[in-house]
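Order as written gives the chain letters A, B and C; numbering starts at 1 within each chain.
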Amino acid sequence: MNMRSSSKVGAALSAAVLGLGLGLGLGLGLGSTPALADNIVMWVNAPLVPGPNAPIYEEIKAFEAKTGHTVELQAVPHMEMERNLFVALSGGAGPDVMALDIAWVAGLADAGLLADLTDKTKPIAAQYQPGPLASGRFQEKQYALPLYTNNVALFVNDRMLADAGIAKAPSNWKEFHDAAVAMTNKEKDTYGASFGGGRMGAFQLYSFIWQNGGEIIDEKGVPHVAEKPTVEAVDFLAKLYTQSQAMPKSVLTAGNWDEVHAPFIQERAGMVVTGDWALAALAKGNPNLKYSVHPLPVGVKPATVIGGYNLAAKAGSKSPDASFALIEWLTGPRSVELMRKYERLSAAASATTPEAIAALPKQLQPFMAQADAGRARPVVAPWSEIHASVFANAWDSVIRGKPAQAAMTEANTAIKGLLEKK
Amino acid sequence: MTARTLNAPGLRRTWSSIFETGLGARIYPYLMVLPAVIIVLGVVVYPVISGVVSSFYDVTLRTLNNGTVTFVGMRNFQRVFADPVFVKASVNTLIWVVLNVVAQLGLGLALALLLHRAMPGIGFFRSGILVPWVVPSVVAVLTWRWMYDPSVGIVNEMLMKLGIISDYHPWLGDTATSLYAVTVESIWKGTPFVMLLLLAALQLVPRSILEAASMDGASGWRKLWYVILPQIRVSFAIAAVLTFILTVNNFNAIWLMTEGGPLNSSEILFTLAYKYGFQRFDLGMASAVATMLFVGLVIATTLYLKLIQAREGD
Amino acid sequence: MSLATASRTMPAPRSEALRRTRTPKSLRKVLTYTTLWIAFIWAVFPFYWMIATSLRAKDEIFQRPPALVPHSVTFQNYIDLLVGAHFWQFALNSLILTVSVTLISVALSVTAGYAMARHRFKGSVALPLFMLYGQMFPPVLLLIPFYVQLRYLGWLDSLYGLIPVYLSYMLPLCVWLMRGFFAQVPHSLEDAARMDGCTRWQAFWKVILPMAQPGIVAVATWVMIHTWNEFLYASTFILSEKNRTLPLGLSGLIGQYTTDWGVLMAGGVITAAPILLAFFFLQKHLVQGVGGGAVKG
């Protein structure tokens, strides 16, 4: 009988039983939240926490010192955040306080997952810019307060524009089209404008639809995406790729901002339609890039899509007051300073004073300059799905050669279906 | 410790003596099987039944929260059939499965035959060729996604150097190529496992049979077809069934490379069910697709195994 | 199939067979090695490319055309990855989960596999087959009931909630494989131990178990690898950053704003390293175990 190896196995198995308990115990310890009422779990989108020295940590330390609450900050990748919030909150788990892309508020509020903050926010409503504040509202109730706001502008590579023999950045559709074509050079592998596919492209598209006098979903909840102005806008942008080949092929695949920015960073695309989040990415990707930021080219009228993040609280949180205190702390007047550190635009009312605007980095000023032309995306519960599947698919099929009218007619029917279902 | 005295000749007195006679002896095997069986009942049997059942119910986040889950008969299935994406995903699943199974079995067999020979350095090649099987699938998929990159991907660069393409191509972004680009990764990842199974089987084939066949004048294809393949028929069948099951259930490759896109061009039934379930949160519809997938798997596997048995009986 | 039937079913025309054998030996050798090298490069290249990317400087990663060999080697990507505390947390989570699932699977499948191989009882024939079929249930079918259950128990977004979920696709095959190993241990050994005065349990514990050690190692490795690599369930049920496992942490590096492929590939190398090491140390056991167990069954 081989006693040595048998005792080895015996030891291994008893270690197994011990380890089992240990593993479970550790698992329990890691998975459950301590019973302290004032520990607030907060989820923010990953770009706000690029590293251990992110400015938000300092702000949270100040909050902890002032109130005695503790905050557990967790960064969630943007792409998974909406789904994870749905799954977690509807299962009774999830954070007490969360950062929300403004386009998600309606869906989560409609599902009853967000705390109604209407009464608490009434006295402080004047602290916020009215547009961004409205993005936290759904069916007459305030569910979220704005942390930062943004819109999209036109980024232009100065050298490529000059090389193409154009003196100034395009300010209307015709100039935009001509500049894009002029900067396209098949041999040198350069293109006029970098654009995204799917959801990315759809997001870039909305501004152009509104510029052309089009409408996506009106106040009464009726979709208008098969109408002439909308179809024209889709057609105009898609033809830059399908006919003029003034967009790099990445338009077919670019599924995140990085991939949209890449050709611009590599100086293979002369223009890109993006927001203030691009500033950090460009600085990191190509510090020597000479570019300038301009308001979006104007169509029938100027328009740009409002984006940004709100802060909201979980419905049924164990510490509703501490949660709200944290939201108020981060979004209030202090956010002007905090967001400046991120090179982002605060949504506080005090951020629009001339002094505050003057204090902004130069590249952020064009965004403020066109803020009046900002439009919010439709606040309807199934918006995320309309955006991510209907619009993304419509854009994807048009850049692959489907006639814009046909694609948008189908999209209109699909949107109607989604709106009726709810 | 519940020490029992038992005076059977030669038996040491220990607590485990209770399993030597009578009731103890009879329940002993059951006791040893029981924990595993209970867990399997709880985490496999019950969920499977529950999954099939929920395809007939209106399960969404909303109904779960309100406690208003109701029986809706075949409605989930009707809604699935009415979705044009379902048809697309079914066709894609078929292409995906056929390409993967045929290529993995073919290449796996070829590699097994090559590596079966006793040659200097064969261990080195064997280890190297097993690498795709060992690399974690998420890591492998993300690496391939990076290699397929439309602007700086090495795949594009190599194909261009070889003169196969004249310009960089967005392999994952083109609706005409996305499914096939993912298939290449999946074949790369899955073939070594088939090779491993067949190699193990080849090693059980008595050398005398091979030698006798060679002496008989058989060589190359004939030896393969008439001598080797019949010998490893059972393993080949097992490899085929496993590859089939693993391919149908291969979620990572498609999800992490294309998410079924663009325009559902690489959507398979698995990813479609996942989207119904965890993007739209229509868990009833997701269950309906999953149930169909499950029934399809069982039917296909059973038919295939029956076929093998029938041929074995000849 | 016997040799007799083999040659009977083989109407080999001699002339062709002779022509075939005339291919020069040296040429065949060259052809074989060439094919082996092609297969080898095909198999290993993506792995090489991952390592090469992880060692490149940031500006070289997006260089076009990409160079096969990095111009210069830097560990900056690894430093960037590991300085943020998260990646360590992911690794720890993966480790806890892997150890727990492996220990439970091995403990349960050892006894069950043994009983199925050695004892006749009601279901001793049907159960193992059922275990094999248990592997066939598509995870997507189990996903929804699991979600409903975990949600009901409040175990969503927890590591311990994943343990039963992982057992669902580990345990059945483990039992099946273990049964195969025990079936290969000769009966006579156990009988001898019993004659020696051991109880059934002692015989199992002191004689059979050590004999089945290679099988246990194979099964344990198999479970470890699969748990370490699992993505679908983790990505569905793990929601917050601190509970992420390594594969989930990796996929999370594909961001909205930036995908840092250098860091991502460095993460890939670190995630794959333990598995590769385990594989090359245990290659013999594993190859025999998985190959042999499934084939002999």
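Observations on the structure shown:
The definition used in the following text is that contacts are C-beta pairs under 8 Å (C-beta built on N, C-alpha and C of every residue); 3 or more make two chains touch, one makes a residue touch a chain.
Keep in mind that this is a model prediction, so the values were computed, not measured.
Taking A-C and A-B together, the chain pair joined by more C-beta contacts is A-C.
At the far end from chain C, in terms of centres built from Cα atoms, lies A.
Rounded to whole angstrom units, the spacing between the C-alpha centres of chain B and chain C is 12.
Taking each chain's centre as the mean of its C-alpha atoms, chain A lies 38 Å from chain C.
With each centre defined as the average position of its C-alpha atoms, the distance from chain A to chain B rounds to 37 Å. Shared contact sites, meaning residues of chain A that touch two or more other chains, fall at 87, 90, 262, 266.
Looking at chain C, one finds that residues 62, 64, 147, 151, 196, 236, 254 touch two or more other chains. Shared interface positions of chain B, i.e. residues touching 2 or more other chains, are given as 64, 151, 278. Interface residues of chain B, counted against chain C in their complex, comprise 10-12, 14, 16-17, 19-20, 25, 28-30, 32-33, 35-37, 39-40, 42-44, 46-48, 50-52, 54, 59, 64, 111, 114-115, 117, 119, 125, 127-132, 134-140, 142-144, 146-147, 149, 151-154, 157, 160, 188, 192, 196-197, 199-201, 204, 208-209, 212-213, 216-220, 222, 226-227, 230-231, 234-235, 238, 242, 245, 248-249, 251-252, 256, 270, 273-274, 277-278, 283, 286-287, 289-291, 293-294, 297-298, 301. Put simply, chain A touches chain C in their complex at residues 1-3, 5-6, 8-10, 13, 16-17, 19-20, 23-24, 26-28, 30-32, 41, 43, 45-47, 51-52, 74-80, 84-85, 87-88, 90-95, 256-259, 262, 265-266, 277, 280-281, 284-285.
Within the complex formed with chain B, the chain A residues making contact are 83, 86-87, 90, 111-112, 197-198, 248-250, 252-253, 262-263, 266, 268, 385, 388, 393, 396-397, 400.
Only residues 61-62, 64-65, 150-151, 168-170, 172-175, 261-263, 278-281 of chain B touch chain A when the two sit together in their complex. If you check the complex, the residues on chain C that touch chain B are 1, 3, 6-7, 9-10, 12, 14, 17-18, 20-21, 32, 35-36, 39-40, 42-44, 46-47, 49-50, 53, 61-66, 68, 108-109, 111-112, 114-116, 118-119, 121, 124, 127, 131, 134-149, 151, 164-165, 167-168, 171-172, 175, 195-202, 225, 228-229, 231-232, 236, 247, 250-251, 254, 261, 264-265, 268, 271-272, 275-276, 279-280, 283, 287-288, 290-292, 294-295, 297.
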